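Across the two complexes that follow, chain A remains constant while its partner is chain B and subsequently chain C.
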Partner chain A sequence: MKNKLLMKKILMYAFIIVTCAMFFFPFYFLIVSVTNASIDVTRGQLLPGKQFFENLKTVFDTTDIVNAIGNSSIVAIGQTFIAIFISSLAGYGFEVHPTKGKEIVYTLILGSMMIPFAALMVPLFRLFGVISGFAPGFGIDTLLGVMLPYFSTAFLIFFFRQNAKMFPKELLEAGRIDGLSEIGLFTRVFMPTMKTTYAAAGIVTFMNSWNNYLWPLVILQNPKNYTVPLVISALGSSYTPDYGAIMLAILITTIPTALIFFLLQKYFVAGMIGSIK
Partner chain B sequence: MFNKKTALTLGASALLVLTACGNGDSANEGEESEGASGEPNELTVWTWDPNFNVRALEIAEEHYKQDNPDFELEIVENSQDDVIQKLNTSLSSGVETGLPNIVFIEDYRAQSFLSSYPGSFVPLEEYYNTDDFADYKIKAGTYEDEVFNVPFDSGVTGLYVRTDLLEEAGYTLEDVTDITWDEYVEIGKDVTEKTGVKWMTNDHNDLGIIRVMMQSSGVWLTEEDGETPYITDNESLKLGFETYKELFESGVMNVHNDWDQFLQAFNNGEVATVPTGNWITPSITAEDSQSGDWAIAPIPRQTIEGSVNASNLGGSSIYVLNIDNNELAGEFLGATFGSDVDFYQDLATEINAIGAYEPAAEGEAYQVESEFFGGQMVNKNFAEWTQEIPEVEFGGSTYEIEDILAVSLQDYLNGADLDEVLEKAQQQAESGM
Partner chain C sequence: MTEQPTVKKKKAGKLERKRKVMSWAFVIIPTFFIVVFYFYPMIQSLWLSLHSGAGIGLEFVGIDNYKRLFNDQAFITAVKNTFIFFIFQIPIMIFLALVFSVVLNNKSLKFKGLFRTLVFLPSITSLVAYSLIFKYLFANGGIVNQVLMFLNVINDPILWLGDPFWAKVLIVIAITWRWTGYNMIFYLSALQNVDPSIYEASTIDGASVIQQFFKITIPMLRPVILFTSITSTIGTLQLFDEPMNLTSGGPGNATTTISQYIYNLSFEYTPNFGYAAAVSYSIVFFVIILTVIQFRLGREKK
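Then we have the complex of A and B:
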């Protein structure tokens, strides 16, 4: 009996270790490759080398990665705060306020999730061409232009509405009796109660924004405005790519998202399963 | 805890971020609102590859600045796919804001841009003498009898061979010079048997080698009109498929799946030959330990009448967009890429770029013997072969047809009948056009 249990445990751990190794290996390879020359990376060298500073020099000489990280931060942070505020307001409204025809509007919004972005890109670009004409600050080749289409997204509205279903409506009644305005109910009752949902939505939005590629690619023209994925993509554009340097650039830009994720992990998990304290 | 105060602070900080970048950008925008760049002496270029295209432009800028000190070139670097994506989005939405003055386009894709966006590019014949360039490069950028390109790099091909392995198997460089693909396969079988090293490597999804064979025979995937798919009656393509299968089934072909593995195969000494474009040179010479072991022979030809030992793989040309400042763009390209022999010497010396400009081959940089390639005059050979490359009409759907053919090739390798798979491909290609 005891042996059987032990066997079970061994098998379980073996499985866990193998799975972990599979997930960990790409990161290990990334970190090791950062210290290797390009040719060693293509050879599949698995031990650390001595090329770290060379690679660092290449990255800083050939790209403006610091500036790109700055741009990405502005876009990701700005977009995250505004998008979760606007989308949560919408999701809250859909769930809490009885409005005629709201289900039709909601279905339309959800339906818009089915249209791939690639199909929207040309019309959207055209629209931004027009915007550039009278409000250049929001138009083509601006960071605001990168963020604007994402200020409210169907997914976030859906996410907030689903989570708001579990929000105890009695709290709103209590608030009303205590004399809170409708805005007050949202900011002082709903928002604090849904903290974990906000954290989860924030992480998802931040990461999507940080990794967003297609839209920034078409709308940004001046390299000074480039976000991180564009810089990395350009770095890999060579007929003879410098893999060591590319790996280093990727590592540098992974750090912020990894940090944010680990810091907010607790909330993220709670928010995803929709618990309310 | 969230309360009104934190909510306000959050909102305010988000607004701050917005206004901050809003201001920054509107300042930028003010400078750049007229077309690509507001300055009359400044041009913007979109291109890819920092070590090759970008470097070439920087060298061109240096040369042009000697006579035009006020000239400024703003080089925007993206991957090739990204350049295509950006250009397509801008041109198809008809928005001129942010378009560059100059753009690099790969020769295989040029016709699709020229035919999809008529009037968006400027004819360039008046800025340089097209007779100075290899015909096939000019043809790539010619649409409705007007020349829209200034040719850049020749994608001239060569057969990179490991002479030490050849020797081990009892062959010399002479034995693989000016041969046919049939001879190439036969020698390959022998070398692989005697040395245990594979003869070549390929990715079943990349039909570049078959494109090389077709151009050496002067045909392409479309007929002369650039539109009708040319598959079932294409003898060269058929022969190419047969050669490919022979290489694969006889066990002399190493199969790779991506670019890394391709580079790895020859850097690790796993293959004895690499039949490809001259742009691979820096990747080959990256492996110092193999210095002196390599040589470059002319690419094999097909056993078809008119097939020659010269072909092309890839290569791009430079185009000027029809926006403000296009005269300056034309003059700049004409004075550098279009006619400057010294510029081409620097290109050859600094980045190993072989242009398609005939007079450049006379220069000193082309007479240098390469130690890595056993003392061969690599640049000179490539320049000579460039002039022999047959011209073909690339048409506007090279890669679309090739995607279909990649499936055909798999079917064929799996034992399907060649005529049948090609017949199927022809139908698919026709219905897709």
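Then we have the complex of A and C:
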């Protein structure tokens, strides 16, 4: 009986370790490949090589990755702060002051979660063509244009409303007695109380923005404005790809999201599952 | 929360009204953004789909674009590919995610956190980045073929990127790697709410681990499974980044998805926004149909 249990345990650990090894393997390959020459990457070299500094030089000399990291940082950070502020306004409004009219609006907004982005792509592109006409700073081929459609999203509004359900509304009454205005109640009472929710929403938004590919691909034209995924994609489909250098570019541009994940794991997971509460 | 008593309401009638106006003020700006960037494009898309051409030279063609869909081989192939990914990838991924979540929920397991992190880690990579990593892993002389040949599973390298069948398999493998851990997190969190005494009782009754998995875990997690399968469906129907960067939709059109076809129609070929809009409405149609079906299936056996 004891032997059987032990066997079971060994089998379970073997299963887990093999599985985890398979999930981790592409990361191992990525890390090793940044030290290898282009040809060794496609040959599947699994041992570290000596090409790291050459690859580093190639990445910085021949690609726009530094510029792209700058662009992506502007887009991701800007989008994150603006989106969580604007979307939380609605989440708060819908939850704290519910009315029949607002419920209808809310349901319609939730419906927009079902709309696939591919269905919006062409009309959005045309819309931004029009915006370019009178406000070029927000139009086609601008970083603001990349962010604009994501300032208010159904997902974030839903997320904030779900979490606002746990917000103690007595605090609002207390704030009113203290003479705070309705806006003051939001910025001085709701926002500080919901810090965790903001952190979680912010992380998810940042990750999505940093990794967003299709919309920037549609709206950005000048390579100077390219964000990270566009540059990586262009490197991958170039005629003479340097695989070691591409892997290094991928590794460098994955570091921000990896750091956020490891440092703020708790909030990140809360941000993911907060939507199904 | 109960409503405030009416007396107080009358007293503070003016204040109340002001509050009501303010409460709309909170939702008006976010709603405006949603209307401009989601609802307006949806309506515009419908209008476009009844026209032909791009830019200024749009011409009204009625439902011709929709009729054309049924005879368009490239469109039919894209729909077929998308559905192949949908039918094979989602069940495999959900099943694996369920198994991992149950195994990694085991209380006596050591290094639980590390194992969970390792399975989840793919979810932090960008879709473009991991697509390229997989492209090199599965290159002809790449490491995957080498390992398979070393293990004598195959004699000749598999043309992962060059064979219509294997290219589809590769996409399924890649997406499964990227999203299994992501879905697992939802199941793990739902498992925290399952009362352990149910398992204990069934163990005493002589139920095996596999029986418990199918008879207890899956029914208990039904709502979360429904949620993840709907989000995965919407994701798969919009699949774009992976086929674009991993296989470029090839070989031929073997891995071209509907989203990619819309992109090509709008920005790669001679632009035909009207027809692209009609194709995009097909995705909306599929999303609605499949979501309704899943809701029905997910709720049926209660």
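Just so it is clear, the second predicted complex is superposed on the first by the 239 of 277 C-alpha atoms of A that agree within 3 Å, B and C clash if a C-alpha of one lies under 4 Å from a C-alpha of the other, contacts with A are read in each partner's own complex, and residues count from 1 in each chain.
Simple rule for what comes next: a residue touches a chain if its C-beta (ideal position, glycine included) is under 8 Å from a C-beta of that chain, and two chains touch if they have at least 3 such contacts.
Source: prediction; values computed, not measured.
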| item | value |
| --- | --- |
| Chain C versus chain B on the shared chain A, clash or fit after superposition | clash |
| Which superposed partner A:Leu143 touches (first chain B, second chain C, both, neither) | first |
| Contacts of A:Pro48 with chain B and chain C, given as first, second, both or neither | neither |
| Chain B versus chain C as contact partner of A:Phe29, first or second or both or neither | second |
| Contacts of A:Gly236 with chain B and chain C, given as first, second, both or neither | both |
| Partner, of chain C and chain B, that touches more residues belonging to chain A | C |
| Chain B versus chain C as contact partner of A:Ile77, first or second or both or neither | first |
| First (chain B), second (chain C), both or neither touched by A:Phe125 | both |
| First (chain B), second (chain C), both or neither touched by A:Pro168 | neither |
| First (chain B), second (chain C), both or neither touched by A:Asn222 | first |
| Chain B versus chain C as contact partner of A:Met12, first or second or both or neither | second |
| Segment of chain B intruding into chain C (one of 163-171, 253-261, 289-297 or 325-333) | 253-261 |
| Shared chain A contacts, counted only where both chain B and chain C touch the same residue | 41-44, 121-123, 125-126, 214, 217-218, 233, 236-237, 243 |
| Touch list for chain B against partner chain A, complex | 1-4, 7, 10-11, 13-14, 17-18, 20-26, 28-30, 32-33, 44, 48-52, 76-80, 82, 85-86, 89-90, 92-98, 100, 259-261, 263-264, 267-268, 279-280, 282-283, 286-287 |
| Chain C partner contacts - residues on chain A that touch it in the complex | 12, 15-16, 19-20, 23-24, 26-27, 29-30, 33, 41-44, 46, 86-87, 89-90, 92-94, 96-97, 99, 102, 105, 108-109, 112, 114-127, 148-149, 151-154, 157, 169, 182-183, 186, 207, 210-211, 213-214, 217-218, 228-229, 232-233, 236-237, 243, 246-247, 250, 253-254, 257-258, 261, 265, 269, 272-273, 276 |
| Residue ranges of chain A in contact with chain B within the complex | 38-39, 41-44, 62, 74, 77-78, 81-82, 85, 121-123, 125-126, 128-129, 132, 136-144, 147, 184, 187-188, 191-192, 195, 214, 217-218, 221-225, 230, 233-241, 243 |
| Interface residues, chain C side, partner chain A - complex | 1, 19-20, 22-27, 29-34, 36-42, 44-45, 48, 100, 103-104, 106, 109, 115, 117-119, 121-122, 124-137, 139, 141-146, 177, 180-182, 185-186, 189-190, 224, 227, 234, 237-238, 240-241, 244-245, 248, 258-259, 262-263, 266-267, 273, 276-277, 280-281, 283-284, 287-288, 291 |
